[in-house]
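Next, two complexes with subunit A in common: one pairs it with subunit B, the other with subunit C.
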Partner chain A sequence: MDPTLLVLGALALSGAAATVAGCAEDLESDVGSQSNPNSQVQLGPQMGNIHRYFNKAISGEPVSYGLYVAVAGAVAWALINMGLSVPIALVVGAGIAAFIHGAYAVSAYLGRIVGQSKNFGQPVYMDVVLSHLGPIVGHGFIAVFCMLIAAYLATSMLGNPFPLPLVALIFGITVGAIGSSTGDVHYGAEREYQKYPFGGGVPVANQGDIDIKAETGIRNGMDSSYFCSKLGGPLTGLTFGLTVFLGGWGDIIGEIVGGDLISKSVIAIIVGIIIVTITAYLNRVIEVYARKKYGPYTDR
Partner chain B sequence: MSHGGGGHAAELYPENQVILFGAILAIVGMYISQFLPHVSMLIGGLLAVGATVAGANTTRRVAAYGLGTGVPSIGMVSLGLGVISTLAGVLLAGVAISQFNLPNELLYGIPIIVAVVSIVLGFIVGKLTVNPIGMKIPIMVESMTKLSLMGALSILGFCAAYAGGFYPDVIIGGAVKNGIIGLAFIAAGMAILHPFNACLGPNESHKRTLLLAIACGFITWFIFSIVKLDILSSVVSILLWGIVYREFVNQSLKDACCVLYTPEIPKKDM
Partner chain C sequence: MAVPLVEITLAGAIINASVHFVPVGGAPAAMATSTGIGTGTTQLAAGAGFTGLMAAAIMAAQKGIVLSNPIHLAIILLSGAVGSMIMLALTMLLGQLIYVFGVGVVPAADKCEKDPITGDYQKSYITPGTTGHAIPTVCFISGLIGAALGGIGGGLAYIALKQLGFASEVAGIIAVGFFFMNAVLASYNIGGTIEGFHDPKFKKMPNGIIASFIASLLTGVIVVGMSIGI
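So, the complex of A and B:
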């Protein structure tokens, strides 16, 4: 088969894998309230709000996902070198990463909750630990496995010159960064502060005054994930999938058109600039449209 | 000692004692990895845990000044300095031998050279954080120096354990070109930054943080054992991790104000 077609297929597959990974990553971080919303969950008990959120303060999402995907990538790389078939090696690698993820998640919850338990009367909810661990590790496994597929395709099909463990580390940091920057917008300020008027942001006076009641009963991390699975998760997936997919087009067009390495690189850079210009223009159009339609926030 | 934002309990062991202990363990581990390559992961990996535990302990001390979200950042800085010093130290020894006709025995001193480079680098970066950047933490220079040293020792420790030695040709071929140093960067970094990042708060205790630091060190060792496909080390490391982690969980449950198994919010006393 024509190698260009194979490369196009690999690019499409890694874009699709990145979409799934971004979505799963965001929903996973919402179950555990990782990253930006975490500081508000941490402040909750200090403001008298005893909560049942999962306080997953492993580290920022880029660092923690860098770890999981690097672990998965290194294990898979070792197993492939040993002669194991690629799909099984990728699954085993992602499985080891899921175990590491679970271990760090539980210690983060226990550490953070017990760290302010006696002063502020925040109990340790063992049922929260046990019920949330499954969704956290499960979503994490999906995200890590999909990123690992993308990293493997990058090294084996798309001509990335670096070894798999290193590419996996970089891809993990990327998915964590996108999940943190795109996904948290849909969870942090709005979901934790639903009792305040929409669009008002979080003034300092309200910090830590998080919602502890759900639609029925007491709110926990799974309610947040359910809420975010409507818009936040898919949007994160779309963002990350588009980043990977559009980012790859520069190289592909350079590969098809260009002759030597310099002209290939120049074409790739020009295509990249064109894509960035178009997306920046579209962003501006959407922003202006939203401002005209909804106007500034008014405290009626 | 007064702490800006953390205000945590007293230290179980003095920091310098932990640093000294961790550094000696890690350096001994590197020599064992070099001279007994068949047990490099089993013993070298185990002793490299000393460096991550000491690094986590220093992170606790400096981050207790109220860094909050800066805890992961300072851990990453530590490992960033560590990667640079490790590569610089390993290559410096090789260059010194080939360019200045120094004796080959200089290669035995690579762990010491790496340690010296990392101390110098950490001291410079610590000075920079105080002077142009203007951080007001009194122990900043000292802590950056220690963190840089521990970052370098943990990276070289785990890389030497993986590659089976710290000679330039062994470590460049066996742990740098295949990207394992990237895994050492992030996994050892997590072992250094996670314990205090997880345990911080007004009721933080040194015992819990240290237990978690040891558990995180063991799980990092486990990761490297798995990647090296070393079955004996994997089993030993996961068993040791299980023992320490269990102790951490029990201690946490003991220190909590109450442990509940049902969805209920306790009544406020106020």
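So, the complex of A and C:
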């Protein structure tokens, strides 16, 4: 088969795996309330909002996902070199990372909530730990496994010179940075503050006054995940998937157009610059739309 | 030995400068309480920079690439810049979609009356009690410049390490650590959040560059020592 077609297929599969990984990563951080919006869950009891959110800011998302995916990649790499088949090695690697993720999640929840119990009266809900742990570890497993697939394809098919654990580490850091920058905004700026009117963001005076009631009953992390799966999660997945896919797309175009190394590389760079220019234009279109649709504040 | 040492030192200074361009609003931006991307300075710059580093490494691993050839060197660095820009451009664009359609805010910068690129007035679109929100055009363009510099800096450090004779694996992991070191130095210099090149904090950039220059020179000496077996 034509090698360019094989590379194109690997790139498409890699992009698809990255899309699923990004979406699962964001939804996991919504169930567990990690990353920047966690500051509001942490602030809630101090503002008199006793809540049933899971609370696990183990570290910034890029660092924690860098750890999980690098652990998974290192285990998988070792098993592949011991002769185990690749799919099984990837599953075992992601499984071990899931155990580590679970251990960190439980210790982070207990540590953070107990720290607030004495002074602010926030109880430790054991049923919250037990009910949320499955979705946290499950979403984490999906995210880590899909990133390992993308990392394995990058090293075996797409010409990446780095070993699997290093590519896995870089993918983990990148997906954490993307999830923290895109999907978590939907959770932090909208889902945690739905009792306030839509639009306007969260003024400083309202911070910590998080919603503690759900559509029915008392809100928990899984309600947030359900809500964010409508916009924040998919867009996070799309961002990471497109980053992986479009990052390699220019090289494919260069390969198809052909020529010597320099001309192929220049074509790849030009394709990349065109993609960036299109995103800048789209960003401006959205900005103009928002200015016209929502308008300025007139009652200051 | 002298050329890689100069490259490493310059790479550190470039990485530090790049972080100052990236519009990061930290935790307040994640609540749409301040302008910029809703995550930490170091982490976002690293996320974009590593994507660029990988793009540069893939280009450097192509058959026929000679690291001492200036044209090849330029292509590797530009590949790194473009890889990094694609990651940050998509992150900002899709983050903007969430700000506008998921949160309902208008992109508005707090550190300027008018957007220096589009000329749009900003202040009247900022929610009272916040310091702006989302990613207006000036922040987007500043972010793209930062991403390009980050990719070039990461790529340059990787090439210098390769020229010193390190294997790709070792050069990659040292470049990752080197990138983090300079991004953290820049983050200390910024002290929290920055909107981009129009932010008054941007004027502090020379201090950060000097700090990274010194730290990278020292790192370069250690790395050169490692390469000759000291």
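Just so it is clear, the second predicted complex is superposed on the first by the 284 of 300 C-alpha atoms of A that agree within 3 Å, B and C clash if a C-alpha of one lies under 4 Å from a C-alpha of the other, contacts with A are read in each partner's own complex, and residues count from 1 in each chain.
Definition applied: contacts are C-beta pairs under 8 Å (C-beta built on N, C-alpha and C of every residue); 3 or more make two chains touch, one makes a residue touch a chain.
Small disclaimer: the values here were computed from a predicted structure and weren't measured.
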{"item": "First (subunit B), second (subunit C), both or neither touched by A:Gln122", "value": "first"}
{"item": "Dominant contact partner of subunit A by residue count, subunit C or subunit B", "value": "C"}
{"item": "Partner chain(s) touched by A:Ile88 [first = subunit B, second = subunit C, both, neither]", "value": "neither"}
{"item": "Contacts of A:Val202 with subunit B and subunit C, given as first, second, both or neither", "value": "second"}
{"item": "Contacts of A:Met47 with subunit B and subunit C, given as first, second, both or neither", "value": "neither"}
{"item": "Contacts of A:Thr239 with subunit B and subunit C, given as first, second, both or neither", "value": "second"}
{"item": "Partner chain(s) touched by A:Ile274 [first = subunit B, second = subunit C, both, neither]", "value": "neither"}
{"item": "Touched partner set for A:Leu231, first subunit B, second subunit C, both or neither", "value": "second"}
{"item": "Which of subunit B and subunit C A:Phe162 touches, first, second, both or neither", "value": "both"}
{"item": "Touching partner for A:Tyr289 - first (subunit B), second (subunit C), both, neither", "value": "second"}
{"item": "Doubly contacted residues of subunit A, that is, touched by subunit B and again by subunit C", "value": "39, 60, 63, 162-163, 166-167, 169"}
{"item": "Complex interface listing, subunit A residues touching subunit C", "value": "35-37, 39-40, 60-63, 154, 158-163, 166-167, 169-170, 173-174, 176-178, 180-186, 188-190, 192-193, 198-207, 231-232, 235-236, 238-239, 242-243, 246-247, 250-251, 261-262, 265-266, 268-269, 272-273, 275-276, 279-280, 282-284, 286-287, 289-291, 294-298, 300"}
{"item": "Residue ranges of subunit B in contact with subunit A within the complex", "value": "68-69, 71-72, 75-76, 177-180, 182-183, 185-187, 189-190, 193-195, 197-204, 208-209, 212, 215-216, 219, 223, 226-229, 241, 245, 248-249, 252-253, 255-266, 268-270"}
{"item": "Residues of subunit A that touch subunit B when the two form their complex", "value": "39, 42, 48, 50, 52, 57-60, 63-64, 66-67, 70-71, 74-75, 77-79, 82, 96, 100, 103-104, 106-108, 110-127, 162-167, 169, 212, 217-218, 220"}
{"item": "Complex interface listing, subunit C residues touching subunit A", "value": "26-27, 29-33, 37-40, 43-44, 46-48, 50-51, 53-55, 57-65, 71, 75, 78-79, 82-83, 85-87, 89-107, 118, 120-121, 124-130, 133-137, 140-141, 144, 168-169, 172-173, 176"}
